[in-house]
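Please find the structures below.
You will see chain A twice below: alongside chain B first, and alongside chain C after that.
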Partner chain A sequence: MSLLEVRDLSVAFGQGSQQVRAIEQIGLTVDAGEILVAVGESGCGKSVTALAVMGLIDPRQGLITGGSVRVAGQELVGASPSALRSLRRGRLAMVFQEPLSALNPVMRVGAQIAEALPPETRDRPDRAIALLTEVGIVDAAARSRAYPHELSGGMRQRVVIAMALAQEPQVLIADEATTALDATVQAQILELFLSLRRDRGLSILAITHDFGVVAEIADRVAVFYAGRVVETAPAARLFDAPAHPYTRALIAARPVPGVAPRTLLPEIAGVVPRLADMPPGCRFAPRCPLATDLCRQSEPLPGPLAPGHVVACHHPVTAPVTAPETAS
Partner chain B sequence: MSAVQIRRTGPQLPLSFWLGLSVLSVLAVLAVLAPWIADNPNRLAPAQRLQPPGAGSLFGTDAFGRDLFARMLYGARTSLRIGLIVGGLTLVMAAALAALCVMVRAADAVVMRVLDGLMAIPNILLAIAIISVTGVSLWTMALAIAIPELPATTRLLRGVLLSTRMRGWVEAARVSGCPPLRMAWRHLLPSVWPVALVQTAFVCSSAILIEAILSFLGVGNPPNVPSWGGVIGENRAQFQLAPWVILIPSAFLTVTVISINLMGDALRDWLDPRERGGT
Partner chain C sequence: MTALIELNAAGRVFHEGVFGRGRPIVALADCSISLAPGETLGVIGESGSGKTTLGRLALRLDTPTNGSVRWMGQDVTHLPESRLRPLRPFLAQVAQDPYASLNPRIPVGTTIAEPLVNFGLASPADAMARVPDLLRAVGLPADVGNRLPHAFSGGQRQRIAIARALASEPKVIVCDEAVSALDLSVRAQIVNLLVSLQDRLGIALLFIAHDALLVRHLAHRVIVMYRGRVVEEGPATEILDAPAHPYTRTLLAAVPARHPSERAPRPVPVRATVEPGQTNGGCPYQPRCPLAEARCSSVRPELVGDPNGRRVACHIVTADAWTGACTGAVR
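Our next item is the complex of A and B:
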């Protein structure tokens, strides 16, 4: 059994005829000590999935319409806020995207980390300093007395990670945790995630739109498109033999070193369909070069292609990628 | 190894704050010392009526020969008391209502509609209505002035609470299992109190004005409780004969209200982080 198991999770926002389904029947699993990266473009439901797993969907705006989220066998969907709080404790923690807004500007960072420690913890300031050291902050004792605005972006993100670690989670959810950082700091934070996985056996569900992050840390990858998971595969296999046309197009659209300057990157024609106005069949069909009438009429269900490789496509591509596909 | 030295600097409170504070402090000290430095403000001396300032007493006398200096100092007691009590009362009631609105969705709709209704009634009219029901005393008057102030203050605090609740650190604290009281104290209050403080200052100055208006109209303090507005009202027929009986209490009112507003403005600028960055 996986540590984090998301099954058929659906979330809708709005009411009545205005209701839009942001994610539908999302299935994800994260095993102990595994790093799963959810990748996809903006608005495809990655963050909504993370929020739903954390129980952070604001009930005034949206609700989980179906499915289940289990952490270490415990069901989170449908739990009351107070039950959810105790279920999350020691199991789930989240690293937010924008570190400056995730930190209280009028509290010293050490106090904020201490606050996130389990209630029975003793020597809280020392534990906070130990956590700051663990996430790679030099002179942690002095830094723990700093306010968020006195730290650099990378240090703030480390503080946010320390706050998450203070809750002793088994699974860490990192929603675009490196997006707000510049490239070198990004690499350091990813390195930190890898070392946390190594030292603590932490499982990580990372969310990104950046294939660089995927290549850097992912064990397995889930590709999101328009509120669905279209393909799940081990990272190496996903890069070598992506089966879903969307995944292939996404990988082809990456800028690759060595391509002559001023050449156009390949792009995916068309736009993502609006949530309120989804095509009846496969959601990618309108933009898919391989689409047939079958694709336009019935939605493909996720099916296994190889061990660990699941794809939701009527016509999965089996040929491996040979050379970087270049623009015609 | 030496710790990282971090110097905290920021602009000082502007001069206008200290100006307002000193004027108010002088006034407060005079008000407290009134029984020792001034005559009985209610002693009638018809022979000495409408004396100009300077001669027998500092500010002269009114139409009944009462010493204006004494009436000004005792009037300051009334005004400052009303200002403080209304400020505090409004803050406490508005904060409680705002917290209720933010926490209970059903209460939100009811409370806000009732306050909208209150807003439709002019302040003075509402205060007069409340006083006519309850009778005049310091506390009923404070309440009558505070209730019309509630809609604006509650609205403001509710808005600040609603927006603060959506901030990233509040969500982060919620996820990490921060208990509600601690959440309110450590994560919400620091964003709310500067706004509340500034708003309270403005409620204070408005309360002093409304008390003066009520006393001027004769629905506020009875004549034996000196009040600046009351003095203006009692002597309004003498304005052409003895302008000082109107000008002096008016000056007290104006200076007091301006001082409080100066402090409020200065605090607002000083507490606003956006105003600080430039220097």
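Our next item is the complex of A and C:
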């Protein structure tokens, strides 16, 4: 059994005929000590999935319409808000993209970390300082008395990660946690994630639009498109033999180092469909170079291709990736 | 050949505080660039390195506190806006966020035609008549000019912003992180569009971005900025394939792997950082530099090397010593 198990999770926003289905039948698992990276373009349902797993979908706007989220065997879907709070504690914590909006501007960062500690250790400033040290902040005792505006962006994100760790989670959900950071700082935070997994056995569900982040930290990858998981594979296999035409095209669209500049980059024609306006059949079919009538009529179900490699496509590509290919 | 845009030892100092009397912050110091017709000059560096200030000075949206700005040989450093206006059609800009840069209540055709009317280059009717051509030039259907921005996706909006930039038939377009906010699949479309427009129309681009690989793909020459100063410059592929300055090497080492097999343990230098804008008289990179020696903290290195080739501002790595020894530092 996996530590985090998401099955057939669906979330809808809005009411009646205005209702749109943001994610449908999402399936994910994260094992103990594993890093799963969810990758995809904006509007594909990655963040909604993370919020639904945390039980943070605002009930005035949306609801979980089906499926299950289990952490260490405990079901979270359907739990009352107070039950959810105790279910999350010690199991799940989340960090977001913008550290400045996750921190209280008029409170010292050490005190903010202490607030997140379990009740019995809340009055132990040394615990907050130890956490700051663990996330790589030099001179943590002095820094714990700083206010958020006195810290750099990278240090603020470290503080937010320390707050998440204060809750002693088994699974950390990181939603675009390095997107707003400079490349050099991003590299440091990714390194921190790897060391937390190594030293604490922490499981991480990381969400990103950046295949660089996938290549740096992922054990396994789930590719999102238009509210669905279209492909799941071990990281190296995803880069070597992406089976879904969408994954293939995304991987090919990156500028290649060492190749002649100003050559045309492979494009994916068109745009991600709007939630209210999903095409029938496969959601990628209108943009897919391989689409057939079958794809335009019936939606492909996820099916196994190889051990650990699942793809939802009627015509999965089985050839390995060769040198720069054109996807469209 | 006269450079389209030339900055000569340009600097910009801001002052902290509401009334601008506080501590000086050096956003840009001693920056010299020149942009030739049809050329792409890439500008890379971390946030706070002065990239955007450089773009604003080049566009004369801001005035340098020292040094000069020339447009096609003419000194425009202190020209008042009334005298700049007749010159402005020769340059344009594309901003980062196509959601913020288009007025949500104005049909996109009007937005595209606006520079022509604004600069008195065409009557409103003639300007609107140009819109279908401009839309086609950026790969959009010619008949969508009457729609409002909300009808378009992010990539389409950025095409509209480019169409607007093309309206006055500029010789220069300043692109400040113009594709950074776009999704990967759409980014490739816009990058290809920029390359083809440049090849077809001979427009020069000042391409400001934090993404070194993207700059390598687009730029002919590149300048690398650190804390308001140019630390390295030269032909883009030479600099980015074999960086010399320790900062450029760090910047490129931070580019994420392309494949899980390329993962490498990273140096995690968590050093005390110097407040941005504060100068210590020495090399701006000295507090973070793994190679720093005593002289680095007291004497600022000048940019030296072949003015037509590579130039590096570093005491340790000299301009003619980048080959071999330095390339190994990039994993």
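Assume the second predicted complex is superposed on the first by the 323 of 328 C-alpha atoms of A that agree within 3 Å, B and C clash if a C-alpha of one lies under 4 Å from a C-alpha of the other, contacts with A are read in each partner's own complex, and residues count from 1 in each chain.
As a working rule, contacts are C-beta pairs under 8 Å (C-beta built on N, C-alpha and C of every residue); 3 or more make two chains touch, one makes a residue touch a chain.
Quantities reported herein were computed from a predicted structural model and do not represent experimental measurements.
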item	value
Which of chain B and chain C A:L264 touches, first, second, both or neither	second
Contacts of A:E168 with chain B and chain C, given as first, second, both or neither	neither
Touching partner for A:E98 - first (chain B), second (chain C), both, neither	first
First, second, both or neither for A:M107, with chain B first and chain C second	first
Which superposed partner A:R88 touches (first chain B, second chain C, both, neither)	first
Contacts of A:L250 with chain B and chain C, given as first, second, both or neither	second
In the superposition, chain B vs chain C on chain A residues touched	C
Doubly contacted residues of chain A, that is, touched by chain B and again by chain C	none
Of all residues in chain A, those that touch chain C in their complex	41-42, 136-138, 152-153, 182-184, 186-188, 190-191, 209-213, 215-216, 218, 235-236, 239-240, 249-250, 253-258, 261-262, 264-268, 271-272
Residues of chain A defined as touching chain B within the complex	54, 56, 60, 85-86, 88-89, 93-94, 96, 98, 101-107, 112, 115-116, 139, 141-143, 145-146, 150, 160, 163-164, 166-167
Chain A-facing residues of chain B, complex	1, 3-4, 6, 105, 167-169, 171-178, 182, 186-187, 190
List of chain C residues in touch with chain A within their complex	46-47, 153-156, 183-189, 191-192, 195, 210, 212-214, 216-219, 236-237, 241, 250-251, 253-263, 265-266, 268, 270-273
